[in-house]
């Protein structure tokens, strides 16, 4: 071992860290009346704080088991969920208030939508079919006195069969793409929006944002997927003063016009091959100019790094 | 090498076989008016017939390339799809009529449903959101003069929050399951039904069968998932004289009542853990007594064997 | 309701059916010495027999719960697994011998391979890394006095960077594919082979068959994927007198030579785009001429139909 | 609309953004001799810079198409890949040097390992079988004059059948977990390590780090998965002076000892149920104390936020 090695090994330290239980699958049935309600979620709890001893020495005295975090999820659900955001806030406040070692953490949820089965044109009291459209998401981050709430959705797959162009772009020697004056535009929207405060009608806001995203995608005559993305974000911020910023990840799901000329056929944008990979990928934040950066709010939303 | 080995090696032969192109992703836009229609499918074409030479000697003279089968799918789509069943029938008739080596085959489709995006409470002319609920399936098998059409669906996820019991079952020394007098019943329905003839309003029949499956699941007070399955099949056959038989594969998606007693809480069927694996698996055919077995119709529906 | 409807509804009956517990995840540690062994499986048990009452009336008296089948898997594992085939045979004999209603069934397993972690060039006694290559499969079907054992593998992904051609194929107006005299050949092998009897060294046979499959794929100069498939099956049957037949499903994983001409570059089979979908799909059985068909042995191997 | 709304809508701006082509599947065959080499990658290219006009106005003058980025990947591959890190560096330098609008970006790769098929105990010249173990990853971020290189791996699944304990942890009213003095420890390692400079023998370093991770996991008697994680990171940093920090995400893949008592059987840690969800999740950075934070290097490694 060289002295250089020794020098380095002397000061290897623990950096950012968190631990907990991921993907607790919770189904809550509310049966106050014959008309049941169901809420279907996957919940993740991650604690941050003074956990150096467990990492460095295997001393677990400060370490509340991940199994306990799971138990807490199910025990708290006995009182109801309400909205994923409110449920995560309750978890976050519990863990940070009751354990000295816990100075913060990250709580996340996916929620899956169910519809009542229609029987003789009446929605059934206790039989449901899973909607299967987008997945609703929620993220709550606590850091000391700071609390951030981020709501979102993933896998909202949308398509326009016309009203989309792409041309006038930069060309270089590797550019072979022709101009497109009428193309299919399709994407799978992932969006996460951060609220300015944790006092919200989260369920109402979710429905409102989803509706704005769909409407704006439909209405805008698109010159680039980037333009569509920005317009969707701008429309959300304009309509929702309590939202500070919204981040998008939108793949360009390519639909290629199939050349049928070899078979003596034209193809006036009617027959398309839907490709899997590669795909375009457009990612951006739309925000209020006055918004200050809150990197800690976002660290675990799409991955811990 | 023993003489036994030699004996065996002398008579190793080609058995059942098929080949083709799988999962051709086709999106067809019908734009006869400003109100576009879209059809979104994944299509598989498999040919059967006199293909011994390619297997035994690599002689491809009889072998219509899988690439050609793919091209045919896209070329035929120029004239429209109509229904997945009709489109597969057209493919099947084409390949069996035009190539001496082809005596039959199997054509399959998945179809994905899109809904119009609602803008100001009006369905948009050319903007769509993927439904994401079940996947519609179709299978056409041709064997000489025989043609069989099987329609179906997968991933129709349904749940009842009450109206389901399971008790009075057989017990042995390995049985620890308690009786259940009120449990969640949830499953992901896969169903395939075979028509008595290929002259059908396939889209209309699909909607009708799906509705019957949902309604029966909702209405039946269930004493076993098997009973629910049979009732669903019986209701379909009673309402649809043109359907000969229907096969189901229905996982029992377990939702376990979480024991909250250690935390001083009751749990009157309100808080559930939704388990992934293992899961119950119930599979059965419901058929008319007069139905003769048609194994060739089913060989490739859920796997080639 | 027409009289025709009434007629049909009178004779709707239960057809083929089976039920049980799917994907019981079992890890067995054998710790007779400091050198531990691990076996990692996913096991499915399905019973067949006299289960009309549960389907028609919800009468569960004959119905051994799927939960009990799961318990039996774990209880039997206490005595060891040995090989997936032997373990499934033990389960099959137990259920058919001990329950009057059970006349047969289907038992299936996947097995995942682990390697010992190498520490200072020595394989560790109790630390393992998952291999991640192919998945081993086993299927046992019992029908009265008949017992069939089918072994297999899936997801064995192989590729040849040369030694593969495809030309001389049939052409029609939809054919645009050019001849290929040197192409990449890649596939993901799924193979299932049926033994003539259930007395085998299953682990030894598995290793032998896998080795023959790989060697034959590598050695054969291929004129078509069908030819490669048949040669692989023939080599297995020639070397293994106890195997009656072997079935393959082999996707042609296309690797397209990228045209770099627009950038002033040649591409002598060096740069390829690996496509996802669509893909060719080649499926066939290679068997001894004397082999009689055993459809019941295969019904549930790749899907219940 | 309130004046507050107007105020907000006036200053909605574009925040962080990037765009490009994701998951370009590239297979490179090097055929300088009869002994071919293959490299199998999925490559993503994302550009950052002056792209406000495309977002705000649909003006694509600065927008180099994602299709061009894809073409560049394949054209550059004609000269060889070498290592994923070097290939991404070449892409990054090309795009930032040649386009005024491009001030930086993120380039990522997955690489899949193939082994030569062994024929008569000799590795074959041009036939390969996919290894299927972990996936190698690489990430290069350019921001003006800064270049960061992060290497990594995912899905390295490891298990110890003994040598792991967990006890002495914090208890609260929701804690029911018993102490464990001998348990299975299993995880799927995701690790990303950042180099201090981009001059490295990246392939050699990758093999070295992977070996250290496996050896440390095997050798450490573990009192907590956190302790194992930290020891793995510390060992890497001690052995590799050119690595500044390493980040881990390690699920605790629970293996539950099955209670066989009801069947009259003991279970001395031999029969386990391998659970899917929920799972523990342990995430942490191990770093040199002198390391300054480089958040831009990490933004896109596990998700854009």
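Going by the order they are written in, the chains are A, B, C and D; count residues from 1 in each one.
By definition in this document, contacts are C-beta pairs under 8 Å (C-beta built on N, C-alpha and C of every residue); 3 or more make two chains touch, one makes a residue touch a chain.
Quick caveat: nothing in here was measured; it's all calculated off a predicted structure.
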Q.
Going by average Cα coordinates, which chain is farthest removed from chain B?
A. D
Q: For A-D, find its twin among B-C, B-D or A-C: the pair where over half of the contact pairs carry the same residue numbers.
A: B-C
(Q) Nearest whole angstrom, what separates the Cα centre of chain B from the Cα centre of chain C? (A) 20
(Q) Taking the mean of the C-alpha atoms as each chain's centre, how many Å separate chain A from chain B? (A) 31
Q.
Quick check: what residues of chain D touch more than one other chain, meaning two or more?
A. 24-25, 71, 75, 174, 176, 262-263, 276-277
(Q) List the residues on chain A that touch chain C in their complex, please. (A) 173-174, 176, 262-263, 276-277
Q: Name, in rising order, each residue of chain B that touches chain C in their complex.
A: 2, 4-5, 8-9, 11-25, 42, 44, 46, 51, 54-68, 70-72, 75, 98-99, 101, 166-172, 174-177, 192, 222-224, 226-227, 229-230, 233-234, 237-239, 241, 245, 247, 249, 251-252, 277-291, 295, 298-299, 301-305
Q: Name, in rising order, each residue of chain A that touches chain B in their complex.
A: 24-31, 36, 38, 40, 71, 74-75, 77-78, 114, 117-120, 124, 126-134, 155-163, 184, 214-215, 217-219, 255, 258, 260, 262-263, 265-276
